[in-house]
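This structure is in structure tokens; I'll ask about it shortly.
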């Protein structure tokens, strides 16, 4: 399943690593430079900066911090940061606590081509997933963790679904399926259900999200999201209103959709896209028995939301051990 | 609900950030300087010190340490340190492990005005809560954590209350409601009950505190508190006797009151004030499903008490998992 | 209950801090110097060394490491290292992760007097306990932790004893009371029982120790101990044989005695001394609802044994949660 | 039980530490140099390198990292890295977080002799176990941890086996005994059973491995192994195909064999060798109530596989607490 970026007449399948063939890389780069679209002297300039806040410096230091948090154990997980139309991310299968700027890939989201492709490394398999957050949410950064708390939360929701389905419950859409939205009017409910039913790939989204309420920490999660359907340079993000303003309140219910896991990480794209459609306000998508994807307008927002969610997932697991319910319904 | 500071004829609503309007800041500052009340050349001097023990240096380093302890995950929680009449604290919604001295706010508790207000940041929403500890307890520092152990402890007390109330128990004040005080005379009991009943906002305080006994670590918690009812520069703290001298003994019962959580952090003021009245000896107040506020005469005392409490909360949770009771009654 | 050190005609009650009265300190120090027993130019020389392995440098760095392990939270716990006849230890009630060499106390075990007493600090309340390990075990270092795992282990043994006693079990001495010794002859059993019954203060020792078997990590615990009954400079430790040679084997049962906690830490001396008599092979004594004391010939041995025990305590708690028994009997 | 290395006419029992006798060391070293087989000026050159990736620098830094992960508490566990025919490893019984390059042993696997033997230290008791991974798997590094999660996993499998055996189950070989292999043909099953039954020492291998399925993290575990039966310089590892290519997929079942623990670590050799025969695809062997051995072609692969396994063991324990099954059968 190829993730494709279309601009003008060119179709670039970046997922398969257009840069592997060195010649193609040269051609593309020359075209890019001739077009004057980027002022680029060498790919190395993309990752050379004394600014600690530059993505090429941030990604190594954040990955080291994430390692200590147990989010990227055994090379799993990672982060991508977008700087304008350029997305920076780590290679696939490397020790996340030991990444250096020179290991990073740089993808031009407009051109759909890699401006930096450090052979013999391969780009992270999360790339198309990160891409979705940039395209559909206008995210500035996207984090993927293998946090054990995230995994356990999905296991418990799965468990509950199996028990309920056996008892005949949750077979169809209901208000609770949406999570969070507790003040729907009849018309909104009807619209929501229609949109839900029309989403392709919705079968890979669990019928019920992870839901929890009445915890101070949910106030750290945005209430809504900005939606974009084109490439991020075609839209002025600052003019787009989020689906709901501000952050969740203490009396809201946090709902994070869960998608089925797949054999290959890149194959999560379709279900991740579906979950994003079906849960238009969500800052994150859980992947069953796998982990979580979390995004935000900036790396700071993505990281603090990811931290708050991880805190909530861990708390939820402890609550379950102590027989404290997640919600009141 | 505005927190107000009155001095002479001026009424300053510092909670709403008088400094946002730059002109007002200039006016106030000039007044302050003309009055000769503070010798202030520039707001930057307030946060420039080579002394590692200066609040402007301590707050960043302590917040980083608290982050590693899991107390201030996802920008939640923080610390305020008082130096004479000046209170230092962090901005709202920033990564606590990355604070720098230049991010700090400085509030003059006598004037009720900010001497340093680093726009575009906003002061921590905990400010009125920190303020209460300075005013009513003469605290030198106040810590707020979102520790998961604190949250879980409140959940378990809530659970117990629901079970007991259903069975008809704990509906009225009794000795155990007070916690800690196991040697009340009849007259003291009567006085305590009267004071309790007269406290405004007492309905936001859970009918039963978190109580635990027979743990060595409770010897790290002060037995009593100093009480002040004016501003901290109007009283000579060294002359005030604490409500009980020294620290809890191994045979005492530790009791930490719990208040209901509110939609907005600043709205906790009334119930925090009530809990402080109702539990005159307490070094801390738990907030249901939220965290804990802990204070002390100095930052060292506030931190070590906070550490001991967090240790006790975690132990209490493990004890519950292993069916070991918290108290003997 | 005063801990006393007798040498010649002088009786020095060091527990009460002979150094508080500065004059007395000067007198003693002069006597010490005149006697030529120590070559001491100034107390500061005792804590000034560039050698990272000097007790004055080790104690701060080890306390910081212990803090990260959760052993000395909220100023609790600590370590004392003996260098010849001099014992180094930390003050009472200070943040263990921030100790500096200049905070340390130095006690001359022969003279029973402090050679360094940094006013206004007070010596650790653990001093008489540390002292016991130097006197009775010839220890070179003694560690005291408030580890939550140690506390929980004592809670579970207490729980079990309550259940068994109610059922009429464990009321008298039996082989299992001794722990570890599974190959006693009839004569040895009889001798052990006699010694046990003759130990003063044995009622403060729980009738049953913490016992666990068949874990690789118990091979890190010494099988026996050296016993001394005089001061450490009166005996040549290298000539004393340990009660049993080497380390526990995989097929041994580890047994750590547990003593009742007391209101004041220094009052643990009698029961700690009793436990040391009753469990002649033990490297450690647990204190109920409080923590553990662990000693060794050197700081390295004390630390590695303490680590292995803490690992075993934590494992024991997890085993209990998973219904895996600690021993086969 | 002596581990022996045979080359030409010489038989060297390296396990007993040929280097203890300094003369013998000199003789061997001279022979080695005369034979021109290694260009060695001094043993110190073996451990002197400015390259952070040199085994002499990697082992200390990795051991410190493993200490923080709880893998080598109390001197237990460790790592050996092979550089060509030279194996580097740490001494026995030392604090793993404080190892220095000069503490390391260097064993020449061809000669079966130590090129560096830093008296009075003794080589790790894991040496013959590490050796097995070099010989039989062509490993470039082998890690041994005492991780509590590994220990608990073995306890739970033991528990299950006791329950099943009592019910008459699992007494003979079946498909599930092999783990992982879910697509055996009849002929392969028959061959596998024959090989299994013919393995000497198979009684020390638990009848059932630890098995878990449907977790993203199992994709970090190699599906197969390279097999060598001679010394590592007699074979060209790059020409040997692994028993199965690539890594486990999400739909595979991970199976890690478990061997019984023994009184002496070096006595694990026979059962470890048996487990390696019986589970030809396995990257690791668990040791009951003890820990785990994990190997890989390089130190990076060994470490990342070890991390993924530890993550899976921990998750498995949490799953058990939450009643989530490890596999679907």
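Observations
Read from first to last, the chains carry the letters A, B, C and D; within each, the first residue is number 1.
Operating definition for what follows: a residue touches a chain if its C-beta (ideal position, glycine included) is under 8 Å from a C-beta of that chain, and two chains touch if they have at least 3 such contacts.
Note that the coordinates shown come from a computational prediction; the quantities given were computed from them, not determined experimentally.
In the CA-based superposition of chain A onto chain B, the rotation angle is 90 degrees, rounded to steps of 5. Chain centres here are C-alpha means, and the one lying farthest from chain B is D.
In summary, the pair chain A and chain D forms a contact in which the copies contribute largely different residue numbers, shared numbers making up under half of all those used. Remark: chain C and chain D have CA centroids separated by 37 Å (rounded to whole angstrom). Averaged C-alpha coordinates give centres for chain B and chain D that are 53 Å from one another. Residue positions of chain A with contacts to 2 or more other chains are 321.
Applying the touch definition to every pair of chains gives A-B, A-D, B-C, C-D.
Residues 214-217, 220, 249-251, 300, 303-305, 307-308, 310-311, 314-315, 318-319, 321-324 of chain C are the ones touching chain D in the complex. Here chain D touches chain C in the complex through residues 70, 73-76, 95, 146, 148, 151-152, 155-156, 159, 261-263, 287, 289-291, 317, 320-321, going by the rule given at the top.
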